[in-house]
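Here chain A shows up in two complexes: once beside chain B, once beside chain C.
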Partner chain A sequence: MTKLAEIVLNGLALGSVYALIALGFVVIFKASGVINFAHASLLLLGGFTVAKLHDDLGFTLALLVAVVVTAAVAGLVEMVFIRGLGRTEVHTLTILTIGVDILLTTELTRRIGSDVLSLGDPWRAGVRDWNGVHIADARIACVVVAVVLIGTFFAAFRFTAWGLSMRAAAEDREAAALMGVRLGRVQLIAWCVAGALAAVAAVFLAAFPSAGLDRSTGQIALAAFPAAILGGMDSAAGALLGSLLVGLTSALTAGYQSDLSWLGANLGDVAPYVVMLLVLIWRPTGLLGSRERARV
Partner chain B sequence: MSDRPSAPVSRAAESIPVRHAAPARPGPRRWAGPGAVVVVVGVLLVLPFYVTAFWLQTGLFAMAAAIGAIGLNLLSGTTGQLSLGHAFFLAFGAYGYVWLAGDSGRVGVRRLSGAGLPPLLALVLAVLLTGVVGGLFSPISGRLRGMYLGVATLALVFIGHHVMLNAASVTGGFNGRSVPSMGVGDLTLTDGRPDGLEVLGIPFGRLERLWYFALILVLVAALTARNLLRGRPGRALGAVRDSEIAAAVMGVAPARYRSAAFVVSSMYAGLAGALIALIFNRVVPDYFGLALSIDYLAMIVIGGLGSVTGAVVGAAFVTMLPQVLSKYADTLPLVVAPGSPESGVGPGEAARYLYGAAIVLVLLFAPGGLVGLLRGRPGGGPGGRGQGLGRLGRTQGSIRIGSKE
Partner chain C sequence: MEPGALLVEGLEVVYGRSVRALRGVSLDVPGNGVVAVLGANGAGKSTLLRAVSGTLSLHRGTIAGGSIRYDGARLGGRDPAAIVRAGVVQVPEGRRVFAHLTVAENLRAGTLGRRGRAAGIRAEHDRVLDLFPVLAERREQRAGLLSGGEQQMLAIGRALMAAPRLLLLDEPSLGLAPRMVGRIAGVIREIAARGTAVLLVEQNATIALDLAEKAYVLDVGEVRLAGASADLARTDEVRRLYLGEPVESEGTPAPVRTAPRRALGRWTG
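Moving on to the complex of A and B:
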């Protein structure tokens, strides 16, 4: 029983990190119709900035700087590549983000090399014990931070002027533009928000029980793709649901690996993708994605 | 240069998703394309007599990649369906060939299974099997559009990698498996059998023999793709990309054509994978990762979406770049040899910078790719006799069709 409880708690913590990343995908998709493949490199950039600065500035300040830097770079990508091509087809823009990702990832992995960088987070390797259920401090912090950030995000989405413009733009770009919504600004803010969330997610991906930030940390962001897709790419609530599902699936398959050994080692890494495929066969637009209707 | 008058065309007119038949080309231009192909094939035919093994090897990889890229271009360029799962199908083709042609037996501590079929039959079966697997994916490949499919196919790469590592009796596990050589009767594509084969005083070893084999496969693959694109299937696929509703009205079933394009593209990938296996002589799981899928996407974007020639040019560019950079690492500024103590950019990294930048620059400034530039149509406008279908779709409306409606 304690094992199950530990696994579920870990799964929820993992799910909340994925949620931070998946929300970034969804925000960008809603605002500009692009699936942002450069997200993995933005995440790596956030983690790398914290790793380089935490010695001099202390962790909190370093994290703040990283959030600002990553948001700024994401905004820059939007301004330079996405906005200028506003009339081009969205598939082309999606491939363009792959090009940006290659550039940024190559630069960062070259700098990181084969090192494993510590982010100097305050939780270190602390573990808490509740009636025999062990859970790492970093995981608890992760859930708390994710809940606060995601709550803020949903509130902003629901109650602020930006949220309203964002929802209007996602509903119908042309009508929104005619009603005076500045699509450019909405899109820019969306990219910045996604970048900021990615930087925070990087910290928790590199925190205990992970060893630290290495060149493959960005790859983990890819696991948030199934989360965003299986929830429905245009639904923020779907991203949340998908992330928790993916987090729990990974944790459960990794936790009960010994009983599933006939399926091979490291099952936790592929389980999210299997779940995604199964969901897509059942519902091609994801669990909470808006259904497409076309009449011929 | 251009076939069409280059008078300013309004954006509105540009975005109408109707392709006009290209006006007939003026006399000499009409033979420029086929003429260029004949010259290139002629050069490729005599190349083994003049160049070193390094260039043969590099060229062979480029040819194998060209086959895969032509297939991906049918799917992503013509049909507008993004696929990041190409590495999976390459792997399936490679391991399919190895398993079908390989013998069962014990290698080291491991028992390997194999069907022990004649190599040529094994190659054909491997390609067909890859097509079947592509067909099994059709509940997803037929229903998901564009970038959604791209993310869904990510799953194939990761699941495939997992299977390759764990199904050790078929794949040889992490360390891979050696590849049985290709051959028909007494002629094998290895250094031996017939021994000491010479043509015009040049020893004809493994690389030379493989070279002509690969050249034939590339030509067959390119011709097939060109004919597919020029006939009804090609037009139907373009229609599905441009407007699904309009295509359906014209009697083209979008889901069926999308899955058909996926099947054909996976068969091309299967053939490319088997050829890569023959060139490498050994297949290992780590080669077929996500980076390989992205390489293929880079090839078709850089070469020119929707064009067979573009796929071949892009494949040559992307596969040869790292090889050439590492060969000339000593003489190039800013690039250092791999593993050298000097700080600097390794050739692999330099290649990645260059082609990352190439993707971005091509999409920003020349959406028609390198081929569009060669034809004097950087924008990838219509024309090119059914080949230069330009970028991935060009309708504004598909933004809305893609997400909500």
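Moving on to the complex of A and C:
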């Protein structure tokens, strides 16, 4: 029972990190119609910035700088590639983000090398014990921060002028433009928000029980990809739901690995994709995605 | 130039590299009242409105010549948000309400292009609900669940929330039941009476000529006829082509013929 409780709590923590990443995918997709494959490298950039700066600035300030830097780079990608080539097909732009990802990841990998970088987070390796249920401090912090950020995000999405502009533009760009919505600015903010969330996610991906940030940390962001897809790609609530589902699935399959050994090792890595496929067979537009994905 | 007037001169619009949708279109809309633009499908009516509202680029169109001036300032080449702030707001063809947003959110979306804050917006909100009481009843419903007529009201109400001085209406009667068409016509008259100028683009010439003081007939991208609505309604061409009446007599007074019609448009490639 304690094992199950631990696994579920870990799954929720993992799910909330994925949610930070998946929301980034969704918000960019809604604003630009582009699936941002450069998200993994942006996340790595955020983590790398914290790793480099925390000795001099302290963790909090380093994280703040990392959030700003990552948001700015994401905004730059939008301004240079996405808006600059605005007349191009979104498919082309999506492929372009793969190119951006490769460039940015290569440069960061060169700098990181084979090191495992500490981010200097205040939770270190602390573990809490509740009646025999052990959970890392970092994971608790992760859930708390994610809930606050995601709550803020949803409130902004629902109540602010930007959120309304975003939802209106996602539904009908031309009608939104006719209402005086500045599509370029809405899109730029969306990319910056996604970048900022990715930087925060990087911290928790590298925190205990992970050893730290290494060059492959960005790839973990890819696990948030099935989360966004099975949630419906254009639904923020769907991304949240999908992330929790993926987090729990990963944690459960990894936790009961020994009982599932007949399925082979590393099942935890594969499980999110299996869940994604099963959900998509059941609901082709994802759990909460719009029914009408492409109009002909 | 009269304050709040829209002046279009020699407007040329091209889609892509070669499709010329408007050739030398000139028209003017005074600062109040209703002006109608008639024309069949493909005559260039929507293109004209897109050029004025700055949304041509979303359709790969560009202004290749001529000018659009509103209230003395150039509109051509400015982005849609700037044009909305200048006071020119368009209700798109086919209503295009935000189907997944509630009625209240749709109305709020109409204020996104405004600079002015709370007080002005609340006054506008009251005016819109006064004009369309049904929208108040459906506040929390998703716009996609409204009937066609209600959606048209919402689309007009949403545009009014931007406090336009000139309202551009693209085929507001399209696809509506006859009774609803009558109601929308009443609403347009009411909007004009409250001091907002209206540029009405319509295929339904009966309604358009009834509402407008002045009308233009577009055909294959050119202004073919222009004049007072009453005069236009008497011409053979309009009666035959747009009002569906048989023409028995000749010699009705011809209104101003602004441009001789070429038999075949030149394809500029």
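By our rule, the second predicted complex is superposed on the first by the 292 of 296 C-alpha atoms of A that agree within 3 Å, B and C clash if a C-alpha of one lies under 4 Å from a C-alpha of the other, contacts with A are read in each partner's own complex, and residues count from 1 in each chain.
Just so it is clear, contacts are C-beta pairs under 8 Å (C-beta built on N, C-alpha and C of every residue); 3 or more make two chains touch, one makes a residue touch a chain.
Because the structure is a prediction, the values reported are computed rather than measured.
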Practice task
Using the superposition on chain A described above, determine whether A:106 touches chain B (first), chain C (second), both, or neither.
Solution key: first
Practice task
May I ask you to decide whether A:56 touches chain B, chain C, both, or neither, giving the answer as first, second, both or neither?
Solution key: neither
Handout entry: Partner chain in contact with A:129 - chain B first, chain C second, else both or neither
Key = neither
Practice task
Identify the partner contact of A:259: answer first if only chain B is touched, second if only chain C is, both if each is, neither if none is.
Solution key: neither
Exercise for the section: State whether A:91 touches chain B only (first), chain C only (second), both chains, or neither. Expected result: first
Exercise for the section: Identify the partner contact of A:173: answer first if only chain B is touched, second if only chain C is, both if each is, neither if none is. Expected result: both
Exercise for the section: Check the residue A:161 against both partner chains and state whether it touches chain B (first), chain C (second), both, or neither. Expected result: second
Handout entry: Contacts of A:182 with chain B and chain C, given as first, second, both or neither
Key = second
Fill in the blank from the handout: chain A residues contacting chain B in one complex and chain C in the other 87, 171-173, 290
Handout entry: chain A residues touching chain C - in the complex, by the definition given at the top
Key = 87, 161, 164-165, 167-168, 171-182, 290
Problem - Residue numbers on chain A that touch chain B, as the complex places them - result: 29, 33, 35, 81, 84-85, 87-92, 94-96, 98-103, 106-107, 110, 170-173, 219, 222, 225-226, 228-229, 233-234, 263-267, 269-270, 273-274, 276-277, 280-281, 284, 290, 292-294, 296
Handout entry: Sites on chain B touched by chain A in the complex
Key = 11, 15, 80, 82, 139-140, 143-144, 146-148, 150-152, 154-155, 158-159, 161-163, 165-166, 244-245, 248-249, 290, 294, 297-298, 301, 345-346, 349, 352-353, 355-360, 363-364, 367, 391-396, 398-405
Practice task
Could you pull out which chain C residues touch chain A in their complex?
Solution key: 53-55, 58, 60, 79-81, 84-85, 89-92, 96-101, 105, 108-110, 112-114, 158-159, 162
